[in-house]
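Each of the two complexes below includes subunit A, the first together with subunit B, the second together with subunit C.
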Partner chain A sequence: MSTPVSLEGLKKELPAKLRQVGWGLLVVGIAAIALGYVIDPRRMAFDNAIGYLFFTSVAVGSVFLIALEYIAGAVWSTPMRRVNEFLGSLVLLLPLIALPLFFHLHDLFHWTHEEALAADKVLVAKSPYLNVSFFLIRFAVMYLLWSLFYVLFTRNSTKQDTTKDPRLTTINVRLAAFFLPVFAISLTLTAVDWAMSLEPHWASTIFGVYYFAGTVLASISAATVVIIYFHENGYLPKLQRDSFYSLGALLFAFINFWAYIAFSQFLLIWYANLPDETIWFITRWKNGWEVVSILLIIVHFVVPYVALLTQDSKMDLKRLKLVAIWILIAHLLDLYWLVMPSYSEKVSLSWTDLAFPVFIVGLAIVVMAYKMKRNNVIAIGDPKLERGLSFRL
Partner chain B sequence: MNEKHLFAVTALFDTPDEIIHAAHETTSAGYTRFDINTPYPVHGMDKAMGLKQSRLGVFALVFGLLGATSSVLFMTWVTLIDYPLVIGGKPFWSWPAFVPVAFEITVLLASVLSVVTMIVLYFKFPNNSHPLHDTPYMKKVSSNKFGICIQADDPTFNQKAVEEFLAKVGGKEIGPVFFDLEDLDHGQHIFDPKFIGVLALTAILVSGGTYFTFNKLLYMEPFSWMSAQAKLKAQRPSDLFTDGIGMRRPVEGTVARGFLPYPFKGKPDEAAKNLVNPLLPTKEVIDRGKTKFLTYCSPCHGNFARGDSRLAGQFPNPPTLHSDKVRNWPDGSIYHVITEGQNVMPSYASQISRDDRWAIIQYIRVLQRAHNAKESDLK
Partner chain C sequence: MSTAALDYTRELPVVEGSPTAAEVDATIAAPLDQFPSRMWWIIFSIALSFFSIGVFCIGMTLYKGLGLWGVNQPVSWGFDIVNFVFWVGIGHAGTLISAILFLLRQRWRTGIARFAEAMTIFAVMCAGLFPLLHTGREWLPMYLSPYPNQHGLWVNFTSPLLWDVFAVSTYFTVSLVFWYVGLIPDLATLRDRTTNKIKKVIYSLFSLGWRHSNRHWQHYERAYLILAGFATPLVLSVHTIVSFDFAVSVIPGWHTTIFPPYFVAGAVFSGFAMVQNVLIFVRQAFNLKHIITLDHLEKMNKVMILTGSMVGYAYAMEMFIAWYGGNQFERFVFLNRALGPYAWAYWTMVSCNVIFPQLFWFKKIRRSIPAMFIIGITVNIGMWFERFVIIVTSLSRDFLPSSWGHYTPTFYDVGILLGSFGLFFTLILIFVRVLPVVSISELKAVIEGGQPSKH
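On to the complex of A and B.
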């Protein structure tokens, strides 16, 4: 008893007002970033690192979600996949946000200082990995790999809109099998390069997984916000409540996963009680950082956990959208908590912290508008679409 | 008697969408006593059947909270009251270590007890008799069909009307199901003595068998009563250390508990001046001093410190302790003599603990007073 869906006219543009807001935020963001770099380049560099990690979370995480749908053979998410593809296109713009940082590596990374290296056995031992040229090579290789897979996934997906060729899905499934290990390694290296190496004496083997948990949360949340916006404004055909339940359940699962990983990292370091490991948590437990730490537990775990606990709340679109926005902010707080203690021992807030989030939101809206002009909002050629639209748990 | 009673009218459907539709129609038609049988859980069925939310979730919450609190309380009791043990230099009550255990117990109790509750409360275990059992209908709905069964005890039940209604909503193989009155309550109840007896017997056999197998038949770790332990033993050689000795020598300058070094070695005058008896002449102290004096001192000094010992003649007799000289000595001087020895008398530092020496001195003072009692003492 599947409801017949009209799949015509799905190439709709975003309303002009929203596009203007997007451009406005983008311009304000760029101005704020430029001003911030003039006033306090060191602080701005740290804000930039947070911005880079956040941007990577949403962009690369979206490509991961595309791959996940293909490899798991998921049906429920097929009508929503284009949103992930649109957000995934941000991957191509990664160098844009990393570029200013390459001129401020000395502000950011202690291990780039020759004189620090001279007096430090640990840094010398780590220097085969932690050196500027290899750092840049890693960035370039990861960027190219991510872009390559993004382009391949979306090219096949877009081609399918006209050819309706089911073999393209099979190709993408195989691509996904290659992408997932690449993703696992590259995301771990990103977390190590941009967050963990801020304190080069400290190491945690679970750190990559911790960042991965945040990445998946951020990309699902970003997609959720867009999907519900599309659904409310008639961009998507009417989806079953079961589809939104799956979306909410995935979000809920990763909220728990994040808490599980975050606590695992803490528990092992607390248990072993080694000075060179505990120092990382000690710096986050004094000079006001303890407030941020407790706030992080409440904002990133307790509140969204309670908000999505019941079955009905996972299907309540209003609440789902709110929680998704909330989690995006929580992920920003999480990155602030990871990065900023290396900037100053005392907790500090500045208006410049908002420059990158504003810039990223503006950029995302502008990119969405650009992609929607050229692409269908729904993958009309996908053989799984029909089943996805009438999806029942 | 083998009288057949009508239990219900059943109908089969082919797809989950059809059964949801049928359930919805049945609810709208006003039937309340009906059930749906499907080969797997069909989501959205609760709503279509007009069911209220199951109370099983509340049970799960209660059991989960029970697991969390009981495990935390148990660990608190173990680490604070029953067996406080310093582990890794952490405080006794180290909550981060409790979290994984509390989490696991929470999940365990919530899931296991919820299933048990469901089986006992909703499936009426151990009663396993139901009119639909062993019917062709049940065989089909547990394979690839979706079935509805409208029961005869529904207030608006009318066999003909129900059959027509089911045909209208698209049901196939519509037919009645009968049951024997005898069979209805055939199975046991939870408080049936037979059931409880079998349950208890099973528990005893399983636990007894396990105990016997592990502790009596198998003699292997960890069921070897800890007789074989991979640890260093006192007075035994060990190849862990290069010198081959299992016990380690204490670090240079180590001071054993209760054996502080004596600071007035060879300095009797300073001992007399600086040492003060820390013990008061209470009954307990004097009793203890008496015991120790009779054990260690009396063989030479005599039971009353008169210098008339049991060893008299075989050994140079010590002088009496009732002389003016000893009576006017400060406690520190006597302590010094016990600790260091004097003339023929050896040091008693290794035999008599410090507190016992001070107790002996109190007892000697008592003996001295008894030997030189004043008029006033006799009153």
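On to the complex of A and C.
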């Protein structure tokens, strides 16, 4: 039963070429962001908000996936957990992407305008929550909590590589129990702060759940892309198709969950037909936005649904990788659809919309390379590892 | 707390000990072969007495009319709808366990799936009673279905109440088929081992000629998987549509977008509490402690803490958005729930649904039978009150203070509620005497030696 897992013959460092591409994208991204802020700061601020939400989805979502494995006692994902840990380290870099925004809150949020507040009783009533200082405090607290949990999870996991102490798993299970409520509340507030409050008169109770669905999809997709790359290029020991089935099944489940939540929100608002609420969908159904709305349904639901429906497709690595990249783009489109209608009533595309995605992909590659140099790609000390490696459905 | 090392390198056994296939047959079929015990008769007569109270109250309602109930203007939805939503909710655990946990390949479902499915069917039967009575014209149920007629009368397709008719009846049908398909191999086993001639005929009829052949199993597995695939979205859709009954309206406290997932989570929550409660007795009475193990009960308690916390999240979100949204009617409704005339019901709901289940974070409580039993009961009390709070507080005080009212249930309301519990337990008690409460064939696949050791 207990043949020690050997890392022999497994690669450990990303190829130089890929690292160069990462650095290249990072530099191009930074240049594009800087240029964008010079040319059109208001547009760039909205792009930045999309970038922030996307980055949070992948980073905080990855920490959530770590916690999920521990608390659910999952074994199939143990050989792949380091990928979540590497992607989770992006959490520490969150202020990097939020910082430029703090100088442009006025461009982004109507509720920061003094003159608007003076003329609007509803905004005044909300001002105990929607004000700049509390907004910044919320950001700081959430950032510290996410980072704290990330550091604790990964420190225990790394320590286990050498000590092989199963008690570290128990500690992480307990940490995960504390993390889940923190995650639920903080992710909801992130959605309210950075997306819902763009239209401060509008509110929907399901909004946090909607963003959560996207977060889980984005973080699993990001992990799937990396895991399959690792598997195909000899960074991970040989895994059975069964191990990948769960990734495909999770993606499929959350594709449906996202659609369910999106549809519930739409149907209830459409049916009740209250002008305060319908305005949000009406702005997304004119001036070209209706095209984006329909595209969203196709890109975010129909295509991945069909692509992952059968049992075999959930284990087909080639297809899984493509679908995962597709879903990442779909999540970006989803965020664009959430945020951009507050920027302009007419649908508009600009090259600056690509600045943040390019920057984030570059940053992710650079961070991965850095983490891989310093850590094992597999959690070799984890007591569940062997069961994970021999996992069968 | 100590951090004693748990063994993470092994999977927990689904069945404790290592019973042979023959022992599995004997254990599970034992209650069907014996004359019921005195205890069974006592409990059965209690359940039957409650049921007869219900029958009396329903009879009086049919004879005299809905005036016997506490419903009034503005609270025109009272106990009837509260009970309907409550029972439909209870019915959610069964198909969740049998279909969703099947798709998720959770093998621990084996011990509890059959029982939970039966419970689903009985709970949906109880639920179906209430909308029918609520219509006040029980003899005209055909108007609930769209059929061409001379009057040119059609149902209102845009009403979620009609969607409910479709959703609940589809759910009942699929659950019944799913349950029956799972029963076929077991009925064949019972047919093969019984010596009673009458039983032999009945089992033979219902086992549809099953011979345990390889070809039968292949078709069976395929059918079961497809049914599970159908049942999964169906489970979620039923309580989603029940939530639409409220959420598509413009009544403050009802119209809120989080209702669908929140109702589904609550339904699973109460359903698991009920399954856990009843299974505690079943495993004791029929010597099934090694099949329905403490580990299984602990896992169910974990599901309860998860779904209970989701419900708690929804309560918090409703409160927050009621304030954040800035609509004065919404704000009032939530203040009124927490501080108004029904505050006692609101705080019962919050403490039973959100606070007490948090005790399940402690392993000791999760694995203590008396503790989990009490918490399970409070969950069901809490979930019943949740529906009461939603329906009654919102209706009794809506937009115009001049049309505010108050709701007090009558003897007949309470009687029909007790009657539905009587019906539910009567059916369960009959079920445990006539059909195997655990799937024999599935259990044989998870006992030691049941799986291929290498492949």
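Keep this in mind: the second predicted complex is superposed on the first by the 384 of 393 C-alpha atoms of A that agree within 3 Å, B and C clash if a C-alpha of one lies under 4 Å from a C-alpha of the other, contacts with A are read in each partner's own complex, and residues count from 1 in each chain.
Here is the rule we go by: contacts are C-beta pairs under 8 Å (C-beta built on N, C-alpha and C of every residue); 3 or more make two chains touch, one makes a residue touch a chain.
What you see is a predicted model; the values in this text were computed from it and never measured.
Student: Quick one: on subunit A, after the overlay, do subunit B and subunit C clash, or do they fit? Just give me the call.
Tutor: clash
Student: Tell me which partner A:L136 touches in the superposition: subunit B (first), subunit C (second), both or neither.
Tutor: neither
Student: Could you say whether A:R392 touches subunit B, subunit C, both of them, or neither, answering first, second, both or neither?
Tutor: A:R392 sits against subunit B and subunit C alike.
Student: Once chain A of both complexes is superposed, is A:T170 in touch with subunit B (first), subunit C (second), both, or neither?
Tutor: second
Student: Quick one: classify A:T205 as touching subunit B (first), subunit C (second), both or neither.
Tutor: A:T205 contacts subunit C only, not subunit B.
Student: Is A:I261 contacted by the first partner subunit B, the second partner subunit C, both or neither?
Tutor: Once the two structures are laid over each other on A, A:I261 reaches subunit C alone.
Student: Of the partners subunit B and subunit C, which touch A:P383 in the superposed model: first, second, both, neither?
Tutor: second
Student: By residue count, which of the two partners contacts subunit A more extensively, subunit B or subunit C?
Tutor: Touching more residues of subunit A than the other partner does is C.
Student: Is A:K126 touching the first partner subunit B, the second partner subunit C, both, or neither of them?
Tutor: It touches subunit C, and subunit B stays clear.
Student: For A:A34 in the superposed arrangement: first (subunit B), second (subunit C), both or neither?
Tutor: So A:A34 meets neither subunit B nor subunit C here.
Student: From the options 7-15, 133-141 or 349-357, pick the one stretch of subunit C whose C-alpha atoms clash with subunit B.
Tutor: Among 7-15, 133-141 or 349-357, only one stretch of subunit C overlaps subunit B, namely 133-141.
Student: Would you please give the residues of subunit A that touch subunit B in one complex and also touch subunit C in the other complex?
Tutor: Subunit A residues touching both partners: 1, 267, 271, 392-393.
Student: Tell me, which parts of subunit A touch subunit B in their complex?
Tutor: Answer in residue numbers: 1, 242, 263, 266-267, 270-271, 273, 392-393.
Student: Please name which positions on subunit A make contact with subunit C in the complex.
Tutor: Touching subunit C: residues 1-2, 75, 122, 125-126, 129, 165-167, 169-171, 177, 180-181, 184, 188, 192, 201, 203-209, 249, 256, 260-261, 264-265, 267-269, 271-272, 274, 276, 382-384, 386-387, 392-393 of subunit A.
Student: Taking the touch rule as given, give the residues of subunit C at its contact with subunit A in the complex, in rising order.
Tutor: 3-9, 11, 103, 105, 233, 236, 240, 244, 247-250, 255-261, 309, 313-314, 317-318, 321, 324-327, 361, 455
Student: Help me check something: in the complex, which residues belonging to subunit B touch subunit A?
Tutor: For subunit B paired with subunit A, touching residues are 15-18, 21, 42-44, 88-90, 96-97, 99-100.
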